[in-house]
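The structures considered in this document are given below.
Across the two complexes that follow, chain A remains constant while its partner is chain B and subsequently chain C.
On to the complex of A and B.
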């Protein structure tokens, strides 16, 4: 899911940094200092998830866990994902530092959207609706992220339209895997720590 | 009917017959409705057609005779073993997986804009090219997920004298693997929790 350096144009990079800066600022403002450990825990999970490869046909993709991070953190997903991506860029050479803003926007925005759209259903009393909502939250976050990455590439270079479509198609099977992972994580958290699913700053 | 006959007589030697005129001629020759439209030359007299064919043959024969046998063979293909040495490189992700079947482009030292060669890597993430001049050659591999790797390959003069291999490739992003990978992962998690602890401590103080 990480876009590497050299693909995106300066305008797209600037737009990515603008969205990320606004999101991180808003996320930090909404985050209670007492929840910083929870945020760092979610950030660590996100940081390590990229090392887990999932075989998708002849190719492979890595888990992103954007959905679970969004459901757990809400707007705090922005600073959590930004920090994790920064460490991934420095330690594993995933993505890059210039493109960090665009990558963060592409992953944190779907996470926040998943929280806003599916969060209330996941926390609801009905187990079946909660299970379905968690699955769709995970799958939606991955596909929305793939869409944003595709749009970033398309706006940088119109000839990347086919690549953008391919990225979306390639993430369809991964979205099912992420949906299943999110489903099990959300059901476990509902039984053990239901308060965690409210999102940082909203407890 | 008289006017039709006059019309067809005017067009006896005209080649560019419009569809409207053809219809008129068809009516003159009483072509049945639904039958295929007659050939354009149908409106020309038989003698004129024979004359035109003769001119065409007269022009075509000298052209065919003058054509050299070399140009006839230009469409043939063949193969031979290349005597120049090739450079093969391998691309991989920082997780250790090879960049198999991904698109690669080669840029020569003289022209950094136009592609010297393009293609796809093999199953093991390898690609090769035959450099034509000394200098630093650039190979870029990109996949469909937005990953991109770039290799700079210095080719010395001696490479073309059969005197050895190109110098080692300048790898831009060394791949962490094995213990190094785990250490980096642990370092990342440690940084995250230490940052959280620092914030908590500052709050307590």
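On to the complex of A and C.
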């Protein structure tokens, strides 16, 4: 899901940083001091989970878990994803520092959207609706993220349109896997610790 | 899991001559140059821009070059994918009926830029480590909440890393050969369990931080001073940027 350095033009990079700055500022505003430790714990859990290779059919994949991040953290997903991506760039050289703004926007915007659109259904009383909503939240977040990455590439170089479409198509099977993981995780958390699904700042 | 990698990278405190410089100056110069490099699209200007990483390497000598090469290696793994993928999807005349000629040139430019931008940012920003970076962000006016979140997340990654490794090993032992939905379910439960444990731990950490005076304890971890070196370093970057811009005209 990361866009590497060198792909994006300065205008797109600046736009990515602007969206990220606004999102992080809003996320921090909605987060009180007591929430910071919880958000950092959740952020590091997802950071570590994204490093694990999950066997999917004949291949394996690193899952991004954007959907669960959004469902659990709400608007705090922006600062949490920003921090996790910064750590990945500094410690592992995944992604990059200049594209951090664009990458954060591409991952955090779908996470927040998943929270806004599907959050109330996932927390609702009906188990079947919650299961369906959590699957769609996970799948939607990945596809929306792939869509934003494609748009970033397209706006950097109009001739990358086919590349952008191919990236989106490549994420279709992954979105089903992410949807399934989000479904199982949401159902598990509903049974064991429903409080965690309320989103940071709303507990 | 590559947790051992986390530790190595974090412990490898940059014993660089660049450490004598103010961290804020390094961050500002690095991002200014990286933005300039991102806008380049021709070989002449990229050739001129290649002097900058060379200059930075001269400061640190052979050991610095080895460290940079080690850090650039995973990024160039991505480059191989770019070389294979971009020419297939890029428009233009085809070479061997398959690869776009302009796509090949574009991937060459992208890989060059990727290495230049990464070299500058890794050498000036990533090599300073999280504590100094947090100090630089403080100097640049980044809010305390975000800096605290950054430092706490770094700490939590190490705290929870051990636990995550244990659960991963247990999963491997129980169902190492499984794939598909059972793996998705096991993975989801593993993340969920860690999340619940981390939530318990967070409650205790909140109380502990409260006892130590709240988030104010995270402020002012690093102090820095602006001497003659910093303006000289900035001037060097401005001259280099002017040289790159002249080459691109």
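Everything that follows uses one rule, which is that the second predicted complex is superposed on the first by the 194 of 203 C-alpha atoms of A that agree within 3 Å, B and C clash if a C-alpha of one lies under 4 Å from a C-alpha of the other, contacts with A are read in each partner's own complex, and residues count from 1 in each chain.
Rule of thumb we're sticking to: a residue touches a chain if its C-beta (ideal position, glycine included) is under 8 Å from a C-beta of that chain, and two chains touch if they have at least 3 such contacts.
The model shown is predicted, which means the values in this text are computed figures rather than measured ones.
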item: Combined model on chain A where chain B meets chain C, clash or fit; value: clash
item: Touched partner set for A:174, first chain B, second chain C, both or neither; value: neither
item: First, second, both or neither for A:49, with chain B first and chain C second; value: second
item: Touching partner for A:83 - first (chain B), second (chain C), both, neither; value: both
item: A:184 touches, of chain B and chain C: first, second, both or neither?; value: second
item: Most chain A residues touched (candidates chain B, chain C); value: C
item: Partner chain(s) touched by A:109 [first = chain B, second = chain C, both, neither]; value: neither
item: Partner chain in contact with A:69 - chain B first, chain C second, else both or neither; value: neither
item: Touched partner set for A:141, first chain B, second chain C, both or neither; value: neither
item: Contacts of A:7 with chain B and chain C, given as first, second, both or neither; value: both
item: First (chain B), second (chain C), both or neither touched by A:149; value: first
item: Intersection of the chain A residues that touch chain B with those that touch chain C; value: 4-7, 33, 36-37, 39-40, 43-44, 47-48, 51, 83-84, 87, 91-94, 163, 166
item: Parts of chain A lying in touch with chain C, wherever the complex brings them together; value: 4-10, 13-14, 24, 28, 31, 33-34, 36-49, 51-52, 54-57, 63, 65, 68, 72, 79-80, 82-84, 86-87, 89-94, 96-98, 157, 159-160, 162-163, 166, 177, 180-185, 188-189, 192-193, 196
item: Chain B residues within the chain A interface of the complex; value: 94-95, 97, 100-101, 142, 144-150, 173, 176, 181, 184-185, 187-189, 191-193, 195-196, 199-200, 203
item: In the complex with chain B, residue positions of chain A that touch it; value: 1-7, 33, 36-37, 39-40, 43-44, 47-48, 51, 53, 58-62, 83-84, 87-88, 91-94, 149, 153, 163, 166-167, 170
item: List of chain C residues in touch with chain A within their complex; value: 1-3, 5-6, 9-10, 30-31, 34-35, 38-39, 71-72, 74-75, 78, 82, 85-86, 89-92, 102, 106, 109-115, 117-118, 121-122, 125-126, 130, 133, 143, 145-146, 148-150, 152-157, 159-161, 164, 168, 178-181, 183-185, 187-192, 194-196, 198-199, 201-202, 205-206, 209, 214-215
